[in-house]
Amino acid sequence: MSTKKSLPVTAYPLWLASPLALAMLLFFITPLLMLGVVSFYSDAAMTQWGSVANWAKTLDGFGLTVLLDTLWLGVQVTALSLVLGFALAWSFLRMPARLQPLIIFIVMLPLLTSVVVRTFAWIVILGRQGIVNNFLMDLGLIEAPLKLLYTRLGLVVTLANVQLPLMVLPLITALQRIDMNLSDASASLGASEWQTFKKITVPLALPGVIAGCLLTFSAAITAFISQSLIGGGQMLFMPMYLYQQVSALSNFPFAAAISLTFLATVILCVSLFNMLGRLSRGYANG
Amino acid sequence: MTSRRQLLQASLTLGALQLFPGMSHAQAKRLVFATFTGSWEEAHRAVLVPAFKKATNNAEIILDPMLSVDQIAKVTAARNNPPIDVMLHDPGPALTAIDQGLVENYPVATSANYKDLIAEAQEETGPAIFFQVVGLTYNPDKIKTPPTSWKDLWKPEYKGRAGITNLNSTLGTGFLVEIAKMFGGSESNIEPGFKALNDLKPNLAAVAANPGALATLFQQGQVDISPGNFNAIQILKARGVPVEFVIPKEGAIAFKTTIHIVKNSPNRELAVALIEAAMSPDVQTKLMQSPYLVVPTNSKVKMDGEIAKVLAKDQADMKKRFVFQDWKKINEQRAQWIERFNREIKL
Amino acid sequence: MQSSPEIVSPHAAQSAQTAPASAFGLKLQAIVQRYPGATSAAVDGISLDINAGELVALLGPSGCGKTTLLRIIAGFVAQTEGQIIVGETAIDALPPNKREVGVVFQNYALFPHMDALENVAYGLACRGAPKEQQVARAQEMLELVQMSHLAKRLPREMSGGQQQRVALARALAVKPRILLLDEPFAALDKSLRLDMQIEVKRIQRLAGITCLMVTHDQEEAQSMADRVAVIHQGRLEQYASPNEIYDFPRTLFVNQFVGNANSLKGTVASTAENQVGTVLVAGVSLPARLVSPSLKVGDSVWVCIRPEQLELRAATERIEGPGLKGVLTLSLPQGPQVIQEVQLGDGAAIKVAQARASNQTMLSSGTAVFAQLRDGSFCQAYAYV
Amino acid sequence: MAHQKDFSTILFRGTLGFLAALTVVLLIAPTAVVLIVSFTDGYSLKFPPVSYSTRWYVELWNASHLHFAAMNSIQVGLATTLLSVVFGVLASLAIVGSKSRAARTLDSLFMSPLVLPALAFGFAALMTFSAVGWAVSITTLIIGHTAVCVPYVIRTTSAALAQMDPALLESSASLGASRWYSFRFVTLPLIRPGVMAGAFIAFMSSFDNVPVSLFLRDARTDMLPIRMWQDLEGKLDVTIAALSGVIIIFTLVMMIVMERVAGLSRRLRQG
């Protein structure tokens, strides 16, 4: 005799996910597939289909430069965020417990504050008459204001700051999981603090590092507002390239090809990060 | 207790209904006027909108400031259900919009103000409501000797202090054509223009996305010299920002700005009312005065004040002093130029 | 622990009490549970017949399938085969919430957002009972478990023992036909455990409810249950009263799992009627019950001797009767008794339990000793596998 | 073991401590700067302002185009939150804890908007909507926003569900509760803080959304962040500083409230 298999009381039927699955299929997946179709039109008016001209144009010297430059921007921002974020996360765990909630609050605030507002602040900070220039001039370190706004350096600093919470939160979580006894054990075995940091803390925090890097990287390369307000009109990254094709030139097919190239690149980067993440988890868990 | 709870629930339900469009039709009636960014938006918000409201018994209007090219892109994308009712165009985009059949002819026969426009402004596809004048803008606090020529932008002393806009704006494109001419080119030979732009790179502090953004760069002290729109800086100047406008010796670039009813607009009557207000001597007079200093097209408006002093005594004088460009030729190549600008002027 | 003079195990289980009229019996008929992809069944054809009002312990090591069986009865897992009958009706097709089977979980599973009273009233609330009735019944139940003074406490504000009382009250409040207890005392401190065991037993008697308790602790099973079902690798090894389980373990596993046992290799030396015979262990002939059926002379067997069945004497003080020769290696005093380890000649070690008496001098390590079977004791012999 | 701190240890701790302090300053600076600048008396965004006033807040009071955009953003934000919560909680219930291939696939699908460039999605959605003849409207904005905001609700809800002891549901069932009753009186109260935190994050990210709004908005459905961006780029309007001040204060207050009722920080870090 066999009884009917029924759903355990602790589980819910999978069909509960179907409304969202259907909605995502219709309103998320379908549009992305549409990009593929549209990208093969050869003209902006979308009358002739079946040409790879847009793809050729996307991946020609210039398109590739924009793409690589965007990725390079992501790498720069991620590296800077990592250094700053790791220092903060490391110090966080060594802070008096009273201070910790305050720090978490300070980290979270920008995460939930409008990105336009945060970027706006950096215009004030980096401008020719901005805080940094005034400070340096008051100190007598420079005579004429430095150009910070609309420069690569300014953009990297701004983006690193804007995306910093995305780095810090996973790092704190990862570092908190590390048994504090391990560093004591390492110290008792004669390792210097720097050795302990290099050989114990960093390897064990790797999953958090990778999670933070993934979030920061993907946020940095897609940060349209910061790129446009701080980078200015002279720097061209994928998001602005895409926006320009759509809004000023109405070249939907080309924009579609750009979008897909960008999407594919991001998916590739994410998969890479995920792979590293899996490796590092195996590493960190022994 | 129960009643308070019920009240809360009822109000939440009502609130939820409000969230969904279609249940309230208020939005459908709003007239959308795509004006230009920066000073134009401020001028129109301050002068044109009140006049329009007065004429239409407080009809709702939204200003959507954007570049001409963006307006065309938006309307092209949704021809049957245009997101814009009234467009404002520089000569180049105006030709494009007309060619692509995006605009509707203005009902000139029934218009009260159309016949008062100067001859050049009378266009059935969309009357011109003002002229724009592009010259050199500079910060008198930082630049003691006023520039006299476009060529001054290339002076080594302005290293890292000059600004331009990209070619999406008429200002940027017009400037490119002008410097091409200056270095021996023309509308059909843009090469010298690009070469000159490349040489300008060391001096560039910023490439603005639109003329409004260029004006803000002065406000922030980010640039000290740039090609600029006469009007764009007037409001800044009125606020005490140190900026001055000069006409270079090569002549200022001028173009008329036309206003159009978008085809398939559901708000045609309101659109006509707005354009009628924009042509009216009343509005044009107010716009001509400080701080807006908009060059009028209505013959009943007599040029005076700052405009008469700096630009031209009257419309006839203007035609003599200003350089007009061949936008038909420019249009044919503009997309290519934008592409090329993207590639070459990128740092 | 006196050994029974009877040789044949008495199968008639003696319930400690007579069933109340309202109680329901529980029958499990050949329950099989196979998880997809698993090589062996988690529950492999278990049949159990539990009398109304009886408290039965499911005893076995972790992973033996006892908890799975409990979850099958509760309806959380659907069995692959078999039938569950409560009273006269099969409940297999019913979802958990229709089975009227109360469960007390190992971690009590009190609803953290409800106070004690709300937790206890929950089951009645589910049934849509009027508010006053819910409260009255919940208060009554809290009184039963002596928790009425903490009715407004949230679970996190209660100790483990208090939480368990509330959990018990909650399960009983809806008057279930069967009460299932999953390792109910595992999370309690040792000192608290005994109190709660007595308490649970008291309440079970008072409520007169049929009760099935899962445990891996044989002492707990011994002390609480009317009958014990020993489960090993999904199979029922033995189902009998605690005494019978202890004294007449039917399998080698039961013998080893219930109480301590010295297991030695031996051979059957002689057989007699009623499973009695002798076995040869390390050259010594010992009287044994040949528990596995059809053992013949010469068969290899596992011979199990409980430590308390042995008595240790210095080689010099040896008395009549069979004895295993060895050297005393270790003495571990354990409360009322002392466990002594003896190394036999062939290297095997056995444990001997000796009552602690103040007037007795203890043998010292290294002494040559004989471990002698106490008078009237039998070894148990099981087929060698 | 040396008890005195050697030079390298001091250097090491000093460097990390300094960087950490710098980072904290960097994190606070933008918010503080905006708040201070919003009280300037002048037209430019000099820091520190030459003189202070609340004139830009008064301007803000009269800036009807900003009110209009703000109302739209709030409408879209609330509707997006509502949809995200309904769809997200249902989906979380279905997929959390399930090891089935279908559930894992759905999970990846639902989470994908978090990492994929939303700008590409915004553009793709615009094309799709216009292809089927849907004019850009509040509705299309809500759809687009929901797609990118629902992962936040799923993340916090799933985390809350995963932390729930399954025995609670079993015990509820054994006490006679139906699946729905258990959900209503056990699951829901226990995951409510997680759902609330997710709803809050979803609202904030819809309210702050640029990449999707960029393509799906038009003048009739103006969105606040886009309006702010364009006003900043096009005319460096100091009113935007005042508006930013208001947004910052609102965010701060909401964060404190959400920390109290939903343990926001804990939930943000789990995700």
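In order of appearance the chains are A, B, C and D, and numbering begins at 1 in each one.
By our rule, a residue touches a chain if its C-beta (ideal position, glycine included) is under 8 Å from a C-beta of that chain, and two chains touch if they have at least 3 such contacts.
Quick caveat, the model's predicted, so the values are computed rather than measured.
Visitor: Provide the labels of all chains in contact with chain C and in contact with chain D.
Guide: Correct list: A.
Visitor: Specify the chain most distant from chain D by Cα centroid.
Guide: Of all chains, C has its centre farthest from that of chain D.
Visitor: Taking all protein C-alpha atoms shown, work out their mean, then name the chain whose own C-alpha mean is nearest to it.
Guide: D
Visitor: Does A-C or A-B have the larger number of C-beta pairs in contact?
Guide: Result: the pair with more contacts is A-B.
Visitor: Which integer distance in Å separates the CA centroid of chain A from that of chain C?
Guide: Between these chains, centre-to-centre, one finds 58 Å.
Visitor: Where the centres are mean C-alpha positions, what is the separation of chain B from chain D, in Å?
Guide: 35
Visitor: Taking each chain's centre as its mean C-alpha position, how far apart are chain A and chain D in Å?
Guide: So the centroids are 15 Å from each other.
Visitor: Please set out, as single numbers or ranges, the residues of chain A touching at least two other chains.
Guide: Within chain A, the residues that touch at least two other chains are 9-10, 123, 127, 129, 228, 246, 252.
Visitor: Please set out, as single numbers or ranges, the residues of chain B touching at least two other chains.
Guide: 74, 77, 209, 213, 220-221
Visitor: Could you say which residues in chain D touch two or more other chains, in rising order?
Guide: Touching at least two other chains: 44-45, 126, 170, 172-173, 233, 236.
Visitor: Go through the chains and record each pair that touches.
Guide: Every pair of chains meeting the touch criterion: A-B, A-C, A-D, B-D, C-D.
Visitor: Along chain B, where are the residues that touch chain D in the complex?
Guide: Its residues touching chain D are 15-16, 18-22, 27-28, 30, 32, 34, 37-39, 41-42, 45, 62-66, 74, 77-78, 80-81, 83-84, 209-210, 212-213, 215-216, 219-221, 236, 239-241.
Visitor: Hey, which residues of chain D end up touching chain B in the complex?
Guide: My answer: residues 42-45, 65, 68, 75, 78-79, 82, 126, 130, 133, 135-139, 142, 218-222, 230, 233-236.
Visitor: Which of the residues in chain A end up touching chain B in this complex?
Guide: Contacts found on chain A: 62, 123, 127-129, 147, 149-150, 228, 232-236, 241, 244, 246-250, 252.
Visitor: Given the complex with chain A, which residues does chain B contribute to the contact?
Guide: Chain B reaches chain A through residues 67, 69-70, 72-74, 76-77, 160, 165-166, 168, 204-209, 213, 220-222, 335, 338, 342-343, 345-347.
Visitor: Under the definition above, what is the set of chain D residues touching chain C in their complex?
Guide: 165, 167-168, 170-178, 181, 185-186, 189-190
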